[in-house]
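Take a look at the following structure, please.
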Amino acid sequence: MTNIADKEEQHLHRLILFSDAVFAIAITLLAIEVHPPEGWDGEVGSFFHLMAAKLQSYAVSFATIGVLWISHRRTFSRLRRADALLDVLNFLMLGLVALLPLATQLLWGVHTAGPLILYVSLVAVIGLTQGLIWTHAAFIGKLAEPLGLGVRLFILLRVTLLPGLFCGLSFLSLGTHTPWGFLGIGAISLALALIGRRLQPKPAPLPSEA
Amino acid sequence: MTNIADKEEQHLHRLILFSDAVFAIAITLLAIEVHPPEGWDGEVGSFFHLMAAKLQSYAVSFATIGVLWISHRRTFSRLRRADALLDVLNFLMLGLVALLPLATQLLWGVHTAGPLILYVSLVAVIGLTQGLIWTHAAFIGKLAEPLGLGVRLFILLRVTLLPGLFCGLSFLSLGTHTPWGFLGIGAISLALALIGRRLQPKPAPLPSEA
Amino acid sequence: MTNIADKEEQHLHRLILFSDAVFAIAITLLAIEVHPPEGWDGEVGSFFHLMAAKLQSYAVSFATIGVLWISHRRTFSRLRRADALLDVLNFLMLGLVALLPLATQLLWGVHTAGPLILYVSLVAVIGLTQGLIWTHAAFIGKLAEPLGLGVRLFILLRVTLLPGLFCGLSFLSLGTHTPWGFLGIGAISLALALIGRRLQPKPAPLPSEA
Amino acid sequence: MTNIADKEEQHLHRLILFSDAVFAIAITLLAIEVHPPEGWDGEVGSFFHLMAAKLQSYAVSFATIGVLWISHRRTFSRLRRADALLDVLNFLMLGLVALLPLATQLLWGVHTAGPLILYVSLVAVIGLTQGLIWTHAAFIGKLAEPLGLGVRLFILLRVTLLPGLFCGLSFLSLGTHTPWGFLGIGAISLALALIGRRLQPKPAPLPSEA
């Protein structure tokens, strides 16, 4: 903790820890609102019948927070330091993530398009705030490691658009009982992995660990 | 973990981790009490109408805990070690932070000045305990890195007064539907940033990372 | 954070932190649903009488999450790096762990075999996902430290089967009021410790700490 | 992560992190059950009147978990490695800590001696399990740094007896509206600090930080 560079790494480290805690709490609280079914006769079959909608919403939300966390981890693994604006943008993002358990509860309460629209919009806006974070880190605040413009733009697109897109496609599949949404997610993931590999020169694997 | 200095850094590290966990849980629990609206017809528009007061309280509380966390992070980044009194003072502060979700719930229940007074007072008292922490660390317990008297006094003022002031000004703006409170926050932030820059000799940016 | 090996260790570190947070929240939320008994007369004796079923379920669930956490810790202590598939498999596992508070609540609501079947099945499936994680880490993704085939297979068996087995045997003992289940757990633990010791060449104890 | 000593330090580190998360969640959940007062007229004065019992229980519980955490931190700062039995004993202790929010709720529900007895007993048993942890670490498992027998016995007494004693004395003072309990806590703390100082040869302060 003696010099500036150490302090900025400490800052980044603490910001990541704090974000992880919020993600972890949000993801675990999802399950807390899935209360046991009322009027359950105690049979395993009827349990899944009664709980189908709730467990499905839970699964989608868990996957959504998973995608957001992975996205956050990958973005932040490229940062070298943090600054005050990063704190603020990250808080904005976490404030929206913390609303996901509420949005999940909406899904199983009302059977109109409203809850779905709110849910997918919330996820899309979280994607946008993650895009803002990356924009600040990679283009303005110079918080990221040195990266080519192409890589930085590719990450920006991936971080911003993926969460909302994956979430929307999941609901498309679940709502229409067709596999197209999930197939779309698979195709996009594959394409992004291929593009990502082309953009980033694959390093020679290290012979021994560090 | 072999010598005293290592142990004291470990102590500080564990105290910070613990504080982060409490902040993160408090901030996420804010959202848990924002239950879905009763009697919602499923329309997006009516959702925001029914939830306006709750979402507004949530946003203010989230911002408040954000300010408190950033304040805590900045203060603790200047510490080099911890002692028993720091533990106790920090616990006192966390005990008050953990009450913020309760204070937030008060805001949307009763429509008198009482909840507002309680809320802003709680935030102001948390600011005071953060000021106590800094007073102990920088003036009495010698836990902080070497800093000039001016810088230490400036940090003391900022840490102690800012949370209550920002919180009060936010409610002023929200209550009167005028921008003056938020403009005040902006002006104070700007002024503090300028003073802070003058007090701390800006270090030459390091050519390479540590 | 300058080279690939560092980054992969960072990745692993963050994944472990995140998992710990989810385990810790799940384990603490178990207790939250154990509300005070209704219609309690305030006597200590009647408290334990009214709460017996809940406290017993709580104890079993706490022990179960304990076994899962220790299993996770031991598996991950052998990893050297993380990759994207490990993220996904670990999330799947955590998503099931987060359902344990719900499954625990089922146990004290209905008095048929249904809740027990659901509970033990959930624990067994979590064991399976931990087995999947180890399979990927040790056999496919090459994320683990170098280990003989025997050790890797032994760990796979232990990680996959133990949680469900221990959980089932506990309920056997509790349901029949006999010690056989708990004796079985003791015998299996002893046998595994002995096999484990034979498989792993016991290192000479280090004369000084690192 | 290459050798045994590193791994055991990693193990200890992860155990501490996990414990901190459980402590932090338990302490924050205390506040969650302090719901806003029903039938509140919105006046600040009547708020404290209606909430007096709850806020007082909350304060005592927060202080209790604080004492337990500080006790845990001090004990574990003397450990150099962890083993399987430490995992199990620590889990047992955390399982009891997680019950403290429940025990706190009992305090404000029924006005007999029952809740008080249960609460103080729980805290005393947690003290006992912390004593067990230290006994294993310092006398049997050789997990602690080298310490004289006197110091180890002194720590054992402090860790085992203090939580229950402090908790009981607090309730004595609060129940009888006399200062004797709090004065007792002060006197014991002072005596322990003096004995502790005599037992541990005070190291010369390091001229520079590590």
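All chains are identified by letter, namely A, B, C and D, in their written order; residue positions are counted from 1 within each chain.
Everything that follows uses one rule, which is that contacts are C-beta pairs under 8 Å (C-beta built on N, C-alpha and C of every residue); 3 or more make two chains touch, one makes a residue touch a chain.
The structure displayed is predicted, hence computed values, not measured ones.
Peer 1: If you take the mean of the Cα atoms for each chain, which one ends up farthest from subunit B?
Peer 2: The most remote chain is C.
Peer 1: Please report how far subunit B has to rotate so that its Cα atoms sit on those of subunit D, a copy of the same sequence, as a value between 0 and 180° in steps of 5.
Peer 2: Result for this pair is 90 degrees.
Peer 1: State, to the nearest whole Å, the distance from the C-alpha centre of subunit A to the C-alpha centre of subunit C.
Peer 2: Here the centre of subunit C sits 25 Å away from the centre of subunit A.
Peer 1: Nearest whole angstrom, what separates the Cα centre of subunit B from the Cα centre of subunit C?
Peer 2: Their C-alpha centroids are separated by 36 Å.
Peer 1: Mind pulling the subunit D residues that touch 2 or more other chains?
Peer 2: 1, 9, 17, 21, 25, 29, 32, 80, 209
Peer 1: Which residues of subunit A touch subunit C once you look at their complex with the stated criterion?
Peer 2: Subunit A reaches subunit C through residues 9, 16-17, 20-21, 23-25, 27-32, 34-36, 40-44, 47, 58-59, 62-63, 66, 69-70, 73, 77, 80, 145, 203, 206, 209-210.
Peer 1: Under the stated contact criterion, what part of subunit C meets subunit A in this complex?
Peer 2: The contact residues of subunit C facing subunit A are 1, 3-7, 9-11, 14-15, 17-18, 21-22, 25-26, 29, 32, 80-81, 84, 87-88, 91, 94-95, 98-99, 101-102, 105-106, 109-115, 117-118.
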